[in-house]
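Below are structures written as structure tokens.
One chain, subunit A, links the two complexes that follow: it is found with subunit B in the first and with subunit C in the second.
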Partner chain A sequence: MPLKLFCCDECIPERQNHVYVKEEGEDTTQFLPLSNIETIPGSLSERGCSYCGAKLVIGGVIKDCIQMIHGPVGCAYDTWHTKRYPSDNDNFQLKYIWSSDTKEKHIIFGAEKQLKKAIKEAFKEFPEIKRMFVYTTCTTALIGDNPKAVCREIEEELGDVDIFVVECPGFAGVSQSKGHHELNIGWMRDKVGTLEPEITSKYTINVIGDYNIQGDTYVLQKYLDKMGIQVIAHFTGNVTYDQLRCMHRAKLNVVNCARSAGYIANELKRVYDIPRMDVDTWGFEYVKVALRKIGAFFGLEDKAEEVISEEVAKYEGKLAWYKERLKGKQICIWTGGPRLWHWTKALEDDLGMEVVAMSSKFGHQEDFEKVIARGRVGTIYIDDGNELEFFEVLESIHTDLILTGPRVGDLVKKLHIPYINGHAYHNGPYMGFEGAVNMARDMYNAIYSPMWSLAGKDPRVVDSPMWSLAGKDPSVVQEL
Partner chain B sequence: MKEKIEEVTALIQEQCLWQFFSRSWDREENIEGIMTMTGKILNGDKINLVTPVDKAFYSDAKFLAADIQKKMPWISELDKSGILELVEGVKNRLLYITVKKSRNCELNLSNY
Partner chain C sequence: MSCELVLKERTGIINPIYTCQPAGAQFAGIGIKDCIPLVHGGQGCSMFVRLLFAQHFKENFDIASSSLHESAAVFGGSIRVEEAVETLIVRYPHLRIIPIITTCSTETIGDDIEGIIRKVNKKIEEKHPDRDVKLIAVHTPSYSGSQVTGYDNAISAIVKALAKKDEPSEKLNIFTGWVNPGDVSEIKHVLSEMQVDGNILMDTETFDAPIMPDKSAFAYGNTTIEEIVDSANAIGSIALSRYEGANAAKYLTDKFGVPSIVTPTPIGINNTDIFLENISKLTGKPIPESLIIERGKAIDAIVDLAHMFFANKKVAIFGNPDLVFGLAQFCLECELEPVLLLLGDDNTLYKIDPRLKALEEKANCDIKTIWNADLWELESRVKDKSIDIDLILGHSKGRYIAIDNDIPMVRVGFPTFDRAGLWKYPVIGYKGAEWLAETIANTIFASMESKHDREWIINVW
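Presenting the complex of A and B:
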């Protein structure tokens, strides 16, 4: 039966519709896991919330904004510093976090005055910053605050500031995916087209769905610069607020993360007739395809080939070294959604690895269509996986490595299974040619590290290999 | 021909993201535009790129046509009408899998 009910889910049989094991000859017209629907009560989901999707994933990356979180202080801390997306202005967006710090009295009497005070204080403390994102949270949405009205008042009062409000209370939607959607559609509605860019090339694009995780944007920018292509805006890696207002002037939208940012690409096509080109910017072979397609759009095929030749010459040998050592290794990808389909075939083709189980936190059925089309027969595909299911997967398959986030990462570390941070990376960037090598290196280091097995040894046991490895005299243990 | 159609469909299913755009109308537009352009490239027809969307279709089609020529040597044995029959067959198969029989509940939502 391709839809699978885990033993741990016997009391929540609805979970069967969220787990699929691909069989030979099947396609997605026969089976497609349910996804982007409410988490089933009883299932210990590891999903995030709408606010997290808007702030942590997209808005928080923008490098020249005050990021005002309208809610209790904990909401601010929980989306600060947990993802490493640097910028070329000394990482302003990573150094600071702002909160309206709402308390009980604000819940009772309203928090708009508190928000106004916090916004004005923030602009005063950072006089060089004139742009702001304001995010609503569960509490301030529930009490009916109107942050947009507050922000319009402040814009009129201060004159030289521009503020964008994202209505993304955590309870909205079923996961962080709702926050992606709110920010995309809101930005398109309120800000795109409100500023004109300086055009420096006849070849202009937006790179959509790349968040400069550990420098991904810099890698892509380098290739595009060499091809003579002007990036109007990266949505949202290493980008400024005003660059994002100019997105309507690109001739092409190149989309990497279609889950978090496909909406704005669709709207730019609908409203401004800018075509959407989906690519994979992870994966050694995939990047070649991406550059060739962008090159073909602008008639810059030769430039694309030059970049590819140069980069392949630099990194092909390194990738081959890791491939020799990684081929046949079995791995799991338990991330948000799109990385399942970006990575599964890339790891198989580039490195000879086998992806045996995949789980998506917030992917939609579109993501499962992609990953099942690209993924292997026999692989387990899970929507909104819970921890007990993860344990059961690990009992049923062999895995040499798990690519996942810090939350599930802690779980698998305790099981002494090599883990790589699939969200914020271990030592990225992971995009582009050099990124593919970085990712291979991190996976190699994880799989071949003795730490994982040593962590499972009890140092009080005399014949533990921990002692011999550390050069200690096992007799010392007698004194313990 | 049926086997050839299945072979090309399998290649596209595994490689191409354009068949999985968000809504049914996006998918239909891409499948029609890119597959028609692929047929023209494979047949060596003159291609006139007028709109930005044409150029985007051409970019994807150029890559797909090259991939087909590289992986499926039998393509060179098809004449023009054979290519057109292949392209129409693949279009129908892709529409069947990704639109008509798709289990994706979001395909026909009116907004993005």
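Presenting the complex of A and C:
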């Protein structure tokens, strides 16, 4: 089937190249939606900006840093209290945000002095914190500030601090994805290899592309601890700044989110010759495969099997209970990009669910190759889907649940369709064996909520019991 | 007692109280019917704000972006606005108004929004002769002012662009300021009791959208273009917020001779009294018995609580300036001591706000007001014990100060994402005063219980 043009897109026919419906026998050499190209203005795209990709997705997860946003106050405000990544140091990274508070006068005269003052103040107010991320934003990039020079000066002056600068103005690139890239490459260039880790195991890895959403990292860490594998750094779940400087000492990079963090794995391969192993840490069956692959790499196959059998014994019964109730349910996945291909087949294999429509905000061509390869025939695959397209999708298919963000969730609830937070989860973690069960539980609870049948009922409609008793003996009503 | 206004001494911000101007403009925009605000800037400038509104209201609001990319940052973003407007007009047949909201990036690159609008208007006339879509320039560079001035700028720009003299009406313009739908309901209730026909700018009551059996309802703003046009013909205007909408009221006075009053934000009994008197003044309608009964109920509720539970308790308040001043006045009425007020931007007009003087006259405690403040001004004082706070009144962005330091906090203002449904309740009017007093009391009670702090007092009161 050729690429599909939605009725709502007749005035922006280029959208046809972004929507694909898979047919039997077709593959991605014939049809592949365009992706990672300019957004159509005014389309009500769901995309965010480069700064979002750098700060909110990756940098802001790091648990022991001052996060200084160099720009007007809004950018700082926006990436604070908008994610669910806890840490084991009382969630320091969730509680604070710093802004250089760039004002009009700085647009004319430059904001470097302002930044310098703000940075020094921040270190003074938080004397126990010695590490900092500085992010540029639209304005401070446009006026041509040189924050790196400012930060080098401060590092020399204060002596015991280390600052990393990410150049991620919101207008750079076409989505969050550009910010992921900038942070990955910058960190590799400036910080990896500047500190040596304490090695406690023969088996060392970095876990790349897991952001401890609702405790995902703790789950993975638990499995790896049991296998005797030392994690040098999680990029970037529950991690410290200094752990990330030591990434060059791992013997293997295990990559989950290849979209946001594949770059640094590739750089570690290029510069330090550390192999890259792509795994899926979501999905009951996939996690088995992931642990077996890691085990095989180090000759720890037995350890991997031990962990798997212990976890499977704990959780397979629960998963089976949910599978019984979720099989055949049709769902949509409208998230950032990689979760489409992480989840589509996992939900099918683990729970018998059918993913009928998927939309990615910032996936690239390789993400669509993966998801179309793993996804079902008849499923709709959309790049950078927007509100009207979503409505049209919902008219053309049946769906029992949508995995998406809270705002889209707030929209579709009016259509009596439940959502599960596909970015930050309802009640996670969702990774690992227990995570797969948590996800199944949340989907079950959402789909089977008694509210949906009540929402669809109009008590004025004649066949409801209230009506059939109208005008009859009131004692009958009381008995009911 | 003293009422001191001081500027934050630090340069940078640690935990902001306000976000930037475009967010305020977007909030104003979503209050209009058949409107999709278009944010001219990077995608984050609208995506994050939509998320913020969803956090607060648990509802979706449509806001478009011109999706500024690198090429536009270099060569100018006019074409992105043109394309965005065209796409919106064709894809949303009911769309009648698009406020075009600038951001720091597009103000810095110097896009000529007024010029673009002239050009696009011609194009619309040619391509879509059957459509009447108002394009309104709203200048809100993020590096000036804050969400507060952004809201004010947007309301002013929209009123200036639309208000038009015609037959005089009996309606009273109400510029609500940045309030919750619950407050709008309360305003409507008061007007209805006084038999006054209100023209509410902006009427956000419909943000509380139901899930309907036929799936037909979505959250939307309810102030129509016609109502904004007709604001020039009103019997008068009352602005409930000095910093959010008063400029638009003043414009209607200067341009069309519509008398206007900037009333002290009607939080608390006395401020609500003044509000009702001002409605009377402009409309000639008397204050009915029914509102005196409501007033009496609120006073009754406060009397039950104030001397026993509120007296001598020290309160820190942060949020939008009119809310903060109003809450501080309310605190004094019910024997709470508003010792620290935080205003989150550098608006120099705070220096001449008459409410500072009013607070000074009535206060039985020293009041410190910090402007250009951030939440660290509160947190650091709590941590180094330079102040002792018994209660925090503010929005959810300050929640960790309360949680980590075990201080009871009543969520009020915007955003209040960490409490369910608060935006459906008023803080203004007599009902708002009653709700505030009782919510404060219940919050203090819960805290006494969890700390086992004389919780047995609550057995009998």
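In the analysis below, the second predicted complex is superposed on the first by the 448 of 480 C-alpha atoms of A that agree within 3 Å, B and C clash if a C-alpha of one lies under 4 Å from a C-alpha of the other, contacts with A are read in each partner's own complex, and residues count from 1 in each chain.
The rule is short, and it goes like this: a contact is a pair of C-beta atoms (placed from the backbone, for glycine too) under 8 Å apart; a residue touches a chain by one contact, two chains touch by 3 or more.
Quantities reported herein were computed from a predicted structural model and do not represent experimental measurements.
More residues of subunit A lie in contact with C than with the other chain of the pair subunit B and subunit C.
Look at A:320: by the touch rule set out above, it reaches neither subunit B nor subunit C. Contacts of A:199 after superposition on the shared chain: neither subunit B nor subunit C is touched.
By the touch criterion defined above, A:408 lies against subunit C but remains apart from subunit B after alignment on the C-alpha atoms of chain A. After overlaying the two complexes on the shared chain, residue contacts for A:149 are found with neither subunit B nor subunit C. By the touch criterion defined above, A:27 lies against subunit B but remains apart from subunit C after alignment on the C-alpha atoms of chain A. Once the two complexes are laid over each other on the shared chain, residue contacts for A:364 go to subunit B alone; subunit C is not touched. Touched by subunit B in one complex and by subunit C in the other is not one residue of subunit A.
Within the complex, the subunit C residues that touch subunit A are 10-16, 18-23, 36, 38, 41-45, 47-52, 54-55, 57-60, 62-70, 72-73, 80-81, 83-88, 90-91, 103-105, 108-109, 141-144, 146, 209, 211-215, 217-219, 346, 376, 380, 396-397, 400, 404, 417. Against subunit A, the residues of subunit B that register as touching in their complex are 13-14, 17-18, 20-23, 26, 51-53, 55-56, 58-60, 62-63, 96-98, 101-106, 112.
Looking at the complex, you find that subunit A touches subunit C at residues 8-12, 38-52, 68, 71-82, 95-104, 106-107, 114, 117-119, 121-122, 125, 137-139, 142-143, 169-175, 387-388, 405-408, 410-411, 413-416, 455-458.
Contacts from subunit A toward subunit B in the complex involve residues 27-29, 31-32, 36, 185, 251-252, 258, 262-263, 266-267, 270, 273-280, 289, 292-294, 296-297, 345, 364-366, 369-370, 373-374.
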